[in-house]
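Accompanying notes for the structure given below.
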Amino acid sequence: MKFKTRSFDAAPSVLEIEDLTVQLAGNRTAAPVLDKVSLKIRQGETVCLVGESGSGKSVTSLSVMGLLPKGALEATGGRIGLEGRNLLELGPQAMREMRAQKISMIFQEPMTALNPVMRVGDQIGEVLDTHTRLPAREKRARVLDIMNQVHLPDVERIHRSYPHQLSGGQRQRIMIAMALILEPQLLIADEPTTALDVTTQKQILGLIAELQEKHGTAVLFITHDMGVVAEIADTVHVMKLGRIVEHAPVEDLLRRPREDYTKQLLQSVPSLTPRPARPEPQGGAVLSVSGLQKTYGAHGVFARREATRAANDVSFSIPRGRTLGIVGESGSGKSTVARCIMRLIDPTEGDIRVADREIARLSRHALRPYRKHIQIVFQDPFRSLNPRWTIGRSLIEGPLNIGADRKAALKRAAELLTLVGLPDDAVNRYPHQFSGGQRQRVAIARAIAMEPDVLVADEAVSALDVSVQAQVLDLLDELQKKLGIAILFITHDLRVAAQICDEVVVMQHGHVVEHDTAANVLANPQHAYTRALIEAAPGRLWDFANFRELKSA
Amino acid sequence: MLGYIIRRILAVIPVMTIVAIFVFLLLRLTPGDPAAIIAGDMATPAQLERIRTSLGLSDPLHVQFVTWVGLLLKGELGTSLISNTPVTQMIGQRIWPTFNIAVLTIVLSVLIAVPMGVLAAWRHRTWVDYAVMAFSVLGFSIPVFVIGYLFIQAFAIELRWFPVQGYAAPSEGFGKFLARAILPCLTLATIYVALIARMTRASMLEVLGEDYIRTARAKGVKETVVLFRHALRNAAVPIMTIIGTGFALLIGGVVVTESVFNIPGIGRLTVDAILARDYPVIQGMILLTSGLYVFINLVIDLSYTFFDPRIRY
Amino acid sequence: MAASPQPAARLQWLFGAIALPRGWRVGAGPLIAAAVLVVIVAATLAAPLIVPHDPMAMDALQRLKGPSDVYPLGTDAYGRDMLSRVVTGGRVSLLIGIGAAVISVAIGLMIGLVSGFFRLADAIIMRVMDSLMAIPSILLAIALVALNGPSIWSVMGAITIPEIPRVVRLVRSVVLSAREEPYVEAALALGSSMPKILWQHLMPNTLAPLIVQGTYICASAILTEAILSFLGAGVSTEIPTWGNIMAEGRVYFQLKPSLIFWPGLMLSLCILSINLLGDTARDLLDPRLKKREA
Amino acid sequence: QDKTITAVMHSGLRVLDPIITTAHITRNHGYMIYDVLVAVDENFKPQPQMADWTISDDNLVYTFTLRDGLKFHDGAAVTAADAVASLTRWGKRDSGGQLIFDITESLEAKDDKTIVWTLKSPFPALLDTVGKQSAVPPFIMPERVASGSPDEAITEYVGSGPFVFVQEEYQPGVSVTYKKFADYVPREGAASWMAGGKNVKVDTVKWVTMPDAQTAINAIMSGEIDYIEQVQIDLLPILAASEDVTVETRDDLGYQTIGRMNFKHPPFDNKKIRQAAQMALSQEDVLGTLIGNADYYKVCGAIFGCGTPLGDESGSQTLTSGGDVEGAKKLLEEAGYDGTPVVLMQPTDVVSLTAQPVVAAQALRNAGFNVDMQAMDWQTLVTRRASQSKPAEGGWNLFFTNWMVPEINSPLISPMLNGRGDGAWFGWPKDDAVEALRADFIAADTPEKQKEVAVAIQKHNLDEVLYIPLGEYAVPQARSNKLTNMIPSPVPVFWNIEKAD
């Protein structure tokens, strides 16, 4: 494993955060959300910020952008220095100019961060509009160019698509394109690659590196993926509970973590080696899909545009108590398959059997009794929670539907929240008051509250730090043992796949290209794409848990 | 989409049929006798009966209905019972003032109200917001005629900028049209500005806390762009609805304003016809407005898909 | 499961402070508004006991007099006491205003939710609404009186029926957008029934626009009532209402504006209060707004 | 430069046939574009207009001779045949006309210019009837137009009067435009009411309707219009402030406001209760509320109008002296009134009729009546008053209306004095006594005898309460000071007027 070792001591610093304190607005007595956070980034440097979910990473980045939610959080102390100016003291106009010219940010949740009613191409183009004066043709060319660079397929179509017509990873890449197009001096990336498959991720990381090379861009990179950290970081800061507990050059940190929390974090990183196979299942499939096909119609006012074939002849089945992983290229149709199985969209063709009942063509009404058998954790947890509802209310919605008693359901909800590592009083809070990872855990809790036979988890742990992730995966495992849940696990994280899947399906361009046991797929990939995928897995030569290179390598 | 549009345009037929039957029955239910209006105060019952017969009002209901539908199928709306003028001609004379004033009013209202509402939402709970609210409440709760009289008093009588009353078609010169249309438009606009501004504010508030607004700010775009391009567009659907139904109402004719400013529009025509039980005119008017509403509503519905591409029909 | 009971405890505390009682604190505005409304409603309810004159008693010699000791707000064109009429006038006006707003919003909401969510129902319901929209309320009023006799219900009907399609359109438009939200899909996936999704997930989105529309209907109903009661659709024209006091005062606009001013003032005060209360209620109902208040 | 007078009339012109309707606005329109054979002057005397006449000694043959130069607007000369057709159609429609035609032997055109009207028995008031200015004067139309049914409105508007109707600019209920008829030959002599020389001195007259009284006032003050036919009296103070506008009453007779009861149903089928109701009312209260300004109303107990040849106030003391509530109460008690509600119809869309019911309701209640006042639009009222059903089932007990005094100034024409039960005017009194009196009146051949019968009818009416006269009022007009030489007349006429630049 080769770490970045360049020294930046000589480089001018771009961002200097000193003793930044952020508190709940109007409540100075409460413990601060950020407690004297200090951090420095120099030109060309990549600083990775890792740490517990909910520890304040996003809040730190938002503070720099001057975009803390007004009235909820406010910076009460410290200094954010950029080019010798304290950003905390800038007026809105000056701050806007800063944002426009110096800093770009990639937000954590691309679904909510993109304007749902504007074409994504225009949203990228708007950045150019604001800061440059380009003729329309040239502007479009540049937008298409950056879209190509972030490896979006079919850029012409995506250019005129709306966010809801894109896959999670595609949206994320739109966000990235938006942040990169102006080649900023400081780039803040808040978990920018959670929805990307590793090959694409690699491209993106390469792109950022190139940018740094060319313009000396300083990068603040927030991530949970230790592999990525190992690959790109110059310096790593570890956060916990609103404080930076440790920071060091990347190699130091990975080899010689000082703080317990850091050690614990590194030890939680799952291994890429598949876990030993579990005993063969008895009994038939709980969920089986055959010949599933989904074509998204494109509707213009007059012209009939070419439709998108998102899933093509997808077949698989999951027996009780087993986990099937779907990995694959971003935009390859994974979420589409999941949504078809849930009958949230109608499959164009194919059969879906749940508990031996064909549900692909049931009416919405006839479907209702089957809902309790099959649950989903959505890829975008924030939007899947009603913003006006407390978490508690969202959590008990399902159980109440299947006739649970309200009190019991509430109690169970609180328990589940504790199980996923959230305070049980979180029931009284609203979705927007959580961090990305916390919301994802709420979504998981909601799905398992139904005790379904089949759980479809679409990128369900992507926003969790590895220690919480381990905790959630344990929880799933336990439930599976106890209740025999079959899990359809969609992920980009090969490490996670290796740890929990019995079988893995690899998808590309809407097709299943490989389908075998986890061990076979990961250790002995057959298809070229699968091989590329495994090649691209970040940090695959490092044994995080033992703070050293992998022995085999 | 094209199919949808065609289906919606064809929907004019059932809508008009329902309206036609409904209005026909409704009219025959209402007491009133056009013959009495024609004949005047001194007519004897026998004379009334003869006039009624000559107007065809003594025929059984279904015969009257069939006669009317027969006319309709020939593309005619009949002749006014009272003035003996073809209904199409009467409506033709009266629709344009109403239409022109309605268009001008809506344009004016939107231009004033939307920025007002946006501003109020942006400065939520500040004096700006409260000022907009106070204005809106006045707009709701002052009778239209008061507003009209006040405008006349101020701009026509004191300042002598505009004539007191009357209407001039744009074909007589746009300046002339504007001089006469501006006060009625402002009068009508007061309510619409109030309504649209509050609706804008309400739906903007729903949107301003969203993450994509934050994204837009992060891009460093100007605050006006954030508000008008990003937020307003997301908030546009209910605002469009209010504008659309408001426009429909205006096209239906607004009696009080037409009286106060002496505009020969279809609002007065309709009310006069109703009060005189001039059945063919009422029926014609309502058929016409229902057709117009179908059209306006179609345009509103299509505008939804423009503002919010997630909406599909 | 080793993870962090400690941060949990701290966060619990933090958020308890945000989400619970703090958000429910309201400013002085809504309190004043509530007080104004209560005073006006109480005064109108107690009108027979507190007004100085019989609001219907007239005196041709005292027409259009200015304020005096006997008639604190002067008299109208029939020589009736303005103060008594304005105070008494609130009874019918508020009943009709609030009644019409509540009824049309309630019915419009139901129809709009269904129409917005189900495509097939939409095609049919909206065409019926298009038809309904075209019927002038004056005609409706005359017909309703013919069918039903003059009563408060006839006015209410003549006012509400044409309002309903407009409410339906509004609700429907909001639902059309909201039904595409992922949380609606999530609710579907959780097996929530249609009524529940409509009511619990979608309906709250319509509240803000409905409050605006509702206050507007309330105000316009109070003004329209006068027109309809002159057509014999409602209460007798002798019984004062804010609407008919203003309508009767129309001729005297230049000579004696106070005929319009006083009832207008009462009406504006009520609408302003209802407005403020509506806004406050809405803000309280929307947790996302709460976060922006402190 | 065209001289145009823009006039705001009391109501919109919708019906263009002056024979089919008695509406005043249509009559006024009739005087613009049509001419009449004979017309009364301001002294109520018939004068030759299109024609001179001779009467045979036995008073049975009337010979009318058309004067020279009469032309219709389409250029054709007016012939006797046109006049005969017009008179015939009128005779089927007008109540006075009917009386004449009942005893007509023949009416024919002897030649192009001579009309001979032969009666079976004398009809002393023939010239007054043919020359009357209200409500349906016999306007002369071309024969082809006048030969149509009197129950079907005419569709061609060609007259021989001083103005030409401009069809293209006509908007029913909104505006109507008249151009000066260049070929009109006015009669010699000064204009007096509908008689005399109709010299048109402007090019165009435009009638517009302004539904809003305030607007009309503002418009005349700002010079946008020249004339308002009826100004609401409460608004006069505003006009008084203007130097450019003159307010005047051009019709001294004015209007009579009246109440009419339904004789078919309780409680007003009882004479005592009718009397009680009449006793409860006070003209002063009604007029004071309706008009407000004492300069414009006049307490008057004469059913034929004060200041008219037949006017007499006998028997109207309670009405004219402020009512007698106590007396009314007593009468009610005597009559054994059982609280049957009095359904009182209140028209709300006619300004000149809104106050009477309100005041009356109050007065009747004071006297102990149980009053159910129902508001409605005028058209509903007009229909409902024709209904003979029980008040509870869509009928009625009492309503109010106004008459121009010339419309009721004689027992011959006043519709309320018809006592023929179901054939009578709304309210349907069956009163043989009044019928006998009316016959006496027709037979009376000197003014003195007529007056004598008229007084008897007056007394009878107030005793029987066929209708309640509630006093008279005048309606002021407003004109821009640019207009001069308008002649006084109950019908606003636009000849003789000059307009300064």
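In this document, chain identifiers A, B, C and D correspond to the written order of the chains, with residue numbering beginning at 1 in each.
Please note the rule applied: contacts are C-beta pairs under 8 Å (C-beta built on N, C-alpha and C of every residue); 3 or more make two chains touch, one makes a residue touch a chain.
Please read all numbers here as calculations on a predicted model, not as lab measurements.
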Chain pair with the higher count of C-beta pairs in contact (B-C, A-B): B-C
Identity of the most central chain, Cα criterion: B
For subunit A paired with subunit B, centre-to-centre distance based on mean C-alpha positions, whole Å: 50
Centroid spacing, where centroids are CA-atom means, of subunit B and subunit C in whole angstrom: 21
Distance between the centres, which are taken as Cα means, of subunit D and subunit A, whole angstrom: 89
Centre-of-Cα separation between subunit D and subunit C, whole angstrom: 47
Numbers and ranges of subunit C residues touching at least 2 other chains: 142, 180, 250, 253-254, 286, 288, 291-293
Where subunit B touches two or more other chains, by residue: 30-32, 145, 149, 209, 308, 310
Two or more partner chains touched - positions in subunit D: 214, 349, 377, 380
Interface residues, subunit C side, partner subunit B - complex: 29, 119, 122-123, 126-128, 130-131, 133-136, 138-140, 142-143, 146-147, 165-166, 169-170, 173-174, 176-177, 180, 205, 208-209, 211-213, 215-216, 219-220, 222-223, 246-247, 250, 253-254, 260, 264, 267-268, 270-272, 275-276, 279, 282, 286, 288-289, 291-293
Footprint of subunit A on subunit C - complex, ascending: 1-4, 7-20, 22, 180-183, 185-194, 196, 201, 204, 285-288, 291-294
Subunit C residues within the subunit D interface of the complex: 56-58, 60-61, 63-64, 77-79, 142, 150, 229-232, 236-238, 250-255
In the complex with subunit C, residue positions of subunit A that touch it: 24-27, 30-31, 33, 52, 54, 69-72, 111, 164, 241, 339, 342, 344, 364-365, 368, 371-372, 375-376, 378, 380, 383-388, 390, 397-398, 401-402, 418-419, 421-426, 428-430, 432-433, 446, 450, 467-468, 471, 474-475
Residues of subunit B defined as touching subunit A within the complex: 1-2, 209-212, 214-223, 225, 229-230, 233-234, 307-310, 312
